[in-house]
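Notes follow once the structure below has been shown.
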Amino acid sequence: MIVLFAIFLLTLLVISAIAIVRVKNLFVAVMLMGIFSLLMASTFFILDAADVALTEAAIGAGVSTIILLSALALTGEHERFATANRWLPLLVVTITTTTIIYATFDKPRLGDPEAPVHQHVAPWYLQNTPELIDIPNVVTAVLASFRGYDTLGEVFVVLTACIGVLFVLGARPEDAPKPAKQQGLRHHLIPKVVGRLLVPFIVLFGLYVQFHGDFGPGGGFQAGAIIATGIMLYAVLEGETAALKAVPSSLLMAMVAGGAILYGGVGVAAILLGGNFLDYSVLSSNPVDGQHLGILLVELGVGITVCGALLSIFHAFAAREHK
Amino acid sequence: MSMMIDIVSWILLLSGGAFVFIGGIGALRMPNFYTRVHAASLTDSMGTILILAGIMLQAGWSLALIKLLAILVFLLLTCPTASYALANAALLSGLKPDAKTLSPDDKGRPTP
Amino acid sequence: MELLGLYNYWVFAILLMVGFYAVIAKSNLIKKLLGLSIFQSAVFLLYITMDKVEGGTAPIIQKGATDQIFSNPLPQVLILTAIVVGISTTALGMAIIVRINEAYGTIEEKELQDQNRDP
Amino acid sequence: MFFATSIAILVTMALALARAVMGPSVYDRVLAVNMFGTKTALLLSVVAYLYGRPDFLDLALTYALINFVGVLAVLEFFQNRTVSPDLNKNDDVR
């Protein structure tokens, strides 16, 4: 029954993907990307991946639309050339699709409990999380504790991408002429009022997701994205300068680096206390309490870095716009 | 008693679904932009209220009830605002709400 | 019904190749990047498809409930981080496109190649 | 009954997608995206109950809070793009 939902949503997903590729106006493509992300989040939720769906929701609903639109504002929104030679790519794509579909006939069916994926390490995680870590959300336990190295790596990738954007687009020059026009939404009083009302609630909800991540869907990645969305909403309403006044760029830099350092620092602290790198059990006299403390700090580091990185990227694009 | 609550919540859920569906048809079939906004936004609010009320009756007194209330309040704040802002932006950009001038397509031609 | 269990994988294949088509056939750089992001989403879908267990529920252990079947948490962890990394890398690509536009005045691959041929 | 409601929502999502693909004006597409966001929030809350896991309402709450941000970003995009003088005379609207 639920499988039928998934099939319906996946069909819509294919339609929207083809529409994204075919449509001429890039602004429309970005709008359809928004729908694509909404469909993706629903599909993830129906396939039992609540944490992933929350991440896709936090990223796809606000951040990615805003970043794509601010890039479009700088480059222009019309695709000028039709595809010149479409037959060769189409041929390649058709052959590859057919090959992949042929290959899937050997895959285990959806939901097969005997599939090789479910035999290896996953049952161990599910069995031992209550005893070793004692938090209900197994995804958070695996993310922050069992596979802490992976997550540390991902945090550094986000940090590197942020540094890359700042290098490529350049920081805002100090003596840049102040934009003469009034920033923010000018003609829209009602959205401004309602939006201003929502900003604190979005940030509050972000904090809830951050600290409730051990018990329900949530964690640092989602919380960072949600809080960044809240501050981006403020920037959209009041103008980018006002948002920079509220969260100055020096603070953003400190957040981006500080979160990553916090994550690494917890690992180093574990070494100094006599354990392995990122082995939180030694952080407290009781190993389970140590795990709780370690996961809390690590998720906090992730949240701070993601929030700072997304906001820095947003400001880097927005600063270009006013030059 | 619980039977009554179930029946009421089923009626609410079904009528909410019907409202949502009618709104979808309206957004697809109406002739120009402003009528589509009208069809989509009103039924959106009504469908949201009915469906969430139906779920609330099923939830009973729990944390979920508070979350559902929060969802309802925020959806009721944001949806009409978004529709208003959209219609306002379209009006400011020069899309005339005249029944004779149907909404132009991307290249500015009137559509039949 | 047996074959419907493979539908997710077919959608994965189609989405992958729709994204790939945009990357190789389209001339506009932003369109290529959007294609890349569809490609990426297809991979996410593959992983999440593999995590589902029949009759299972999301791997968040509920107090009091016993003998629940849980879906596989591992693919979820991998994809959760990959989504955030994905948007950061897309933003980096966008930044490079913005700079290309400033330097050459166009983001169409064809015009960029023409400019390189006869400066 | 959750099942019937979610089917109605799914069909509406398909209709909204059709509107988004057909256009014709860009505002129609934004309208479709906004509709789609509301429908997703409703679908997620209904499916959470269909699964019997009410603690997943957080997802619907996320959409209820931040789906609006995308629409406002679009409005700001339009506002900065269309700076023709005859549009600015409408400043007294606010």
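All chains are identified by letter, namely A, B, C and D, in their written order; residue positions are counted from 1 within each chain.
The working rule: a residue touches a chain if its C-beta (ideal position, glycine included) is under 8 Å from a C-beta of that chain, and two chains touch if they have at least 3 such contacts.
For clarity, every value in this text was computed on a predicted model and none was experimentally measured.
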item: Most heavily contacting chain pair (counted by C-beta pairs in contact); value: A-C
item: Longest centre-to-centre distance from chain C, chain (CA-based); value: B
item: Chain centre separation (chain B, chain D; CA means) in Å; value: 10
item: Gap in Å, rounded to a whole number, between the CA centres of chain C and chain A; value: 12
item: Between chain B and chain C, centroid-to-centroid distance (C-alpha), Å; value: 30
item: For chain A paired with chain D, centre-to-centre distance based on mean C-alpha positions, whole Å; value: 20
item: Overlap residues in chain B, where contacts from two or more other chains coincide; value: 74, 78, 81-82, 85, 88-89, 92, 106
item: Touching two or more other chains - residues of chain D; value: 13-14, 16, 23, 26, 30, 32, 53, 55-56, 58, 61, 65, 67-68, 72, 75, 79, 90, 93
item: Touching two or more other chains - residues of chain A; value: 25, 28, 50, 72, 187-188, 191, 194-195, 198, 201, 216-217
item: Interchain pairs in contact, sorted by label; value: A-B, A-C, A-D, B-D, C-D
item: Residue ranges of chain C touching chain D (in the complex, touch as defined); value: 57-58, 60, 62
item: Residues on chain C engaged by chain A in the complex (per definition of touch); value: 2, 4-22, 24-28, 30-31, 34-35, 37-38, 41, 44-45, 48-63, 69-85, 87-92, 94-99, 101, 107-108, 110
item: Parts of chain A lying in touch with chain B, wherever the complex brings them together; value: 24-25, 28, 187-188, 190-191, 194-195, 197-198, 201
item: Residues of chain D defined as touching chain B within the complex; value: 1-2, 4-5, 7-9, 11-16, 18-19, 23-28, 30-32, 34-35, 38-39, 41-42, 45-46, 49, 54-55, 57-58, 60-61, 64-65, 67-68, 71-72, 75, 78-79, 82, 87, 90, 93
item: Residue ranges of chain B in contact with chain D within the complex; value: 9-10, 13-14, 16-18, 20-21, 23-25, 27-28, 33, 36-37, 40, 44, 47-48, 51-52, 54-55, 58-59, 62-64, 67-68, 70-71, 74-75, 78-79, 81-83, 85-86, 88-90, 92-95, 103-106, 111
